[in-house]
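Shared between the two complexes below is chain A, which has chain B as its partner in the first and chain C in the second.
Right, the complex of A and B next:
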């Protein structure tokens, strides 16, 4: 089964390279699944996963990113950085219009920055080093930073910094603006209609600034609440695209065995979902570093990868996913070794205290995974009690630090300063959020390294800093890293060229075409 | 008593039910001795069909756990939950019903309105809410099942007591100055028990079903392997691996069927006249 998936991945990647040689065909309607139904499509106001996935084809950012996370032209056609790393100059594309035919200019960029600082928590963080935005002319934007900020070129993706139309939002109350229901962007597709609970319909933007794009006429995003029903909808041909995460993992091999079905794990490089177990560093057995290291040896992560994720994952070596900048595997690694785990438990003086394990209540896959980990831990003599929760309960327990071990996965956003540091630096220890330094790890050296890393210049300096940080963290095991997850995108093979960037389906329909 | 057993054993359904139940009890008690490894342990490759690998006659589930071991350990949970929650329901239902029937009047009204309050809420929905609020664990599940299943007991006992308290021997006990509790416990209840026993056997079956349904919905005790959990976990992969769902499903079916047959048999045995007229 595993081989088959890997094989189909290979075939899929071979096919996708082959398609470049083919002449794209115009026209056609694509039916995709969106799960769950997004709360809204105005991506400047809501940033849920499904919102980003649909809205990424309506709105655009200044830059797009290759699977290797190199910046590609988006609404900006070129950019330059000053010698000292403080001034970034973007040249905008000319002839870009909003869906209502008003021109897109540098004034919109400056307005978007202001807008997002108020509404987009992650953008606010990303823009913390921004001193001022200047617009010398309609097609030039100059960002001046307070001090160099290494990841700055990585923050312009459409979900992180979407461009918002100034002429619609200026002077209004952003949250109640009626235009939120009929989003207006610059993207290749325009919002047409949304039958709540049923589908969202996007149509081709005929005035898109790249001639010949998009190829498709329409996209229907179908809302199908049940995972099994989504799989059936794909089998019966009702939908052609299952974006990552829309079916349960154990359905993936069955669906990919069908005729004319292609699967790819690509298209998540920017998010790099990284899973780990929060270990409560404050109290109980998990406060002991030896105990935490024992956990790393006790858990059979290859089993989780092969059996629970059907091979669509990679064993994590440390705090950074391998797709993130400055990743290194030259760190302390932990292979599955129950004997070593037992020895470490003995050294840690563990006497069978009860340890609470909190699974992530995101469906069957995660439940099975928690069961497997529980069994691994029991096998080395750890007394584990599994606590059942629902999503709000999980959020609350983790945010209030009321756990010993808890499953989670978080996005990493391409750069350690954007998506990694927040889970390990002590300034991020604060009750009430399940996404910050929940484990309560506090190490002044790590604090300093991440602080330096964000502002060091040039890149080679950052490299040294993050290598050091990764070494320290993998020794201390503040959390038990599990897998770099891949959310396979499953499509009919007639859907070509869909996943080409680091955010995959989120902005992929621009270049996609249908071979009929 | 021997007459009771003779009637009981003459009923083929009752005998079959009793045999299956005894078998299930034997499995629950002795099975874990034969299968000392935990049913949660991943022993082989996942999704092994039945009868393909020696030692795993019923195959393995999505994580490579032995389905047979799961069924054996699940028997313990299902039977225990069934018995304990029925006991708890009886412990509430019998006193409430007896007091309501014996004293009648305002006390009876109050107790019956209280009972009806529980009866008006759909029992399964109430059980789900209770388990969800209390966090799923074996204790909260037993408690929830007991809470939703005591009202029929109370009503049945009340009806029996109402009719018995007007009998001469009860009147005689009243006249001789016996205390209320003595009369209820020694004079009335022993004579009201046979229909309660029949009901209880059916309640055990219902409780097993309720526990399975809760586990199926993911509200089972995550630390205990139960049949409902196995069905629920196997449901999502039923098209790849039917055996994960089928065998625990059969186990649930058989044990519930057995308890119903026993209930039928008990009913016949307690009402020999009804039985004879019926044939």
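Right, the complex of A and C next:
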């Protein structure tokens, strides 16, 4: 077996050289904002954003990822892939312990896989090609796949595949295990206290397996429900870190102009939040391809980028974000051109039928964006009715396909097989989820390309397949792609080394330190 | 009197049951359920996940079965389990109750004292510049949205002057004890309690003023004057006491809502109370939690209505309980 050992340690050390240019200082407390309050911190059971953000400090995955999405050592120190792309062998770090001082071994990895297949919908999908897991010794794990699965090395970050302590959960009802309230992981910080409605407190793990880490003594996550109040809390110095999306976009320029405030759009490369308008391909004007293309020409996406998002975005060219693998911009593009939009509407035979537009009820930024799009569409003669909902109502309407045009954004998880295909292949047309092929687009060629792309080996074959898929999709316009979003992380400049990987703040505060 | 109380309590149980059934049906008419919200938050749900959640929450059962189970639980004082918070509802409400009561009772006292004081002054000096000033101020506080007043107060006292904290119940991480803790909580309480109190203060002031001016015209006030009583005594003993009846009614209604907290105030000031819990439960379609808060609030409103009736008797000896 020819082993292609991926010595990503080199990458890690290069990254470390860059980020540790200043000598880190030990100690200190960071106050960050978390919103909404997470329902729980056991990331194997709860997968929402706030849970991952806090729990990324408590739990860990086998791998981490560089901003270029190259795998980095996590709980696994090295890994290799067999020549046929079906066997992945991971060597685990030695000397790693859980927060209750029990050793972390390969048995925990095998247990975690079984656990997550039952509780974690995304992990369940990612592990569909997994045939078996073997643990020849305490520090070796061998994953055997049914067939090659190109993105397999990309599924091991903490939110996607967190390691779960076997000694705590084995033989118990996972969902009611008391340990869910006092989570035990291997991460750099340990759970200490949670005053519901107020704050979550994490403290340094003194037995962390990397000497000298973490630098911080404690992290407080403050629960502040109102976006304006979160901005004030930062402005008055009560919090040091505003993770992406904590404040309304129109507050970002004001806050970043304050003294000793730094901002970064980095740390979202893995998630690559990609926004678009769902277009109902089944019925009404949006079922017509020419109408959908007209929408693309009618919407001024640069205006949305510059005015609504204050430049914190990039105009999307197609189904893949430019930060994920196999992206290409050599596709049919749609610049803002109302005249062209009007011509296409005429060709489509549009007679002024009412079109329902569903904004995303995530706050003022999204509301303003929907109003701008409505105006663009009305300018070319489309009769738009805005439908107001709250989040559960939006979820229900989209999941029930009860809309014509609906705003959304979804994560892409670094690879088209993980976060793109699900929105375009016909096997994902199923009522009840607002995150699958909600638009009802069905194209056998696209189905085949995404099926082939997931299992093709090596990478060069995958590249060809996904380039072709992107070209077909941008011609067909099953949805109207809008912007690649950048949720800025705003911090005091005294907070150093917070965002070091493609997972950003969700990857924990392991390397962060305070220059005080 | 005991018979009166017993009758009212019996009626209260029926009203409470009706409220439970009505709210149960009303919440379920809103689009979206907790399973679809939690699946949404997971970001990549599948049908298995949604089905598992519905089974876990009992949402796969027919509606009458769900209602029967809920009412049966209420009868044994079991408010159920919060889908989202993964805790018993009663425990969640009990945890948030002290913060809510501290905020709402403080706001209640501020509003009642200031409202009656300003209302009395406005009535006493009716038609003067003092009356005009109080009436205009009361109108401003009554008409201005509470969240806007809250945000302006934060900008002024937290951001510009840096006098008071802008959010939370206490200084997190300071670990104050004893008197220092009381001072710390007090400092956090000033802005939310005053903001909330100002709105109700305006209501009480307007009500007290109108009621006092009304009472002043009655013959017994003229008689008191004719008897040669001092003006202060007339105002206090004859006018104010009689004028307070509608104020007591209003205060009774407000007191009943104290446990429900104040959604806007608690949200803007990140005050960890029941109002916020209710708001979040609504957005997350956390049926049991939302119903639990409704049940407790309804019970409090019914209890305070009864107490208000009893206070009437004490304030106005003319009122007798129907046998």
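Keep this in mind: the second predicted complex is superposed on the first by the 496 of 516 C-alpha atoms of A that agree within 3 Å, B and C clash if a C-alpha of one lies under 4 Å from a C-alpha of the other, contacts with A are read in each partner's own complex, and residues count from 1 in each chain.
Throughout what follows, a residue touches a chain if its C-beta (ideal position, glycine included) is under 8 Å from a C-beta of that chain, and two chains touch if they have at least 3 such contacts.
Keep in mind it's a predicted model, so treat the numbers as computed, not measured.
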Would chain B and chain C fit next to each other on chain A once aligned, or clash?
fit
Pick one for A:349: touches chain B only (first), chain C only (second), both, or neither.
neither
Per the contact definition in the header, classify A:228: touching chain B only (first), chain C only (second), both, or neither.
both
For A:220 in the superposed arrangement: first (chain B), second (chain C), both or neither?
second
Winner on chain A touched-residue count between chain B and chain C: chain C
Which partner chains sit in contact with A:47 here, chain B, chain C, both or neither? Use first/second/both/neither.
second
Touch test for A:73: chain B only (first), chain C only (second), both, or neither?
neither
Thinking of the overlay built on chain A, is A:458 touched by chain B (first), by chain C (second), by both, or by neither?
neither
For A:390, is the partner it touches chain B (first), chain C (second), both, or none of the two (neither)?
both
Applying the document's definition of touch, where does A:375 land relative to chain B and chain C: first, second, both, or neither?
first
Looking at the overlay, what does A:136 touch: chain B (first), chain C (second), both, or neither?
neither
Aligned on chain A, what is the least Cα gap between chain B and chain C? Give it in whole Å.
7
Dual-contact residues of chain A, meaning touching chain B and chain C, are 228, 389-390
Mind pulling up the chain B residues that touch chain A in the complex?
38, 40-42, 46-47, 62-64, 132, 135-137, 218-219, 221-223, 233, 236-237, 239-240
Per the touch rule, the chain C residues reaching chain A in their complex are 30-33, 36-50, 56, 84-86, 92, 95-96, 99, 151, 154-155, 158-159, 162, 165-169, 172-173, 267-270, 272-273, 276-277, 279-280, 283-285
In their shared complex, at which residues does chain A touch chain B?
1, 227-228, 248, 250-251, 254, 303, 307-308, 359, 364, 367-368, 370-372, 374-375, 378-379, 385-390
Considering the complex alone, what residue numbers of chain A touch chain C?
29, 31, 36-37, 39-40, 46-49, 121-122, 124-125, 175, 180-181, 195-199, 201, 218, 220, 222-226, 228-229, 232-233, 235-236, 238, 389-397, 399, 410-411, 422, 430, 432-436
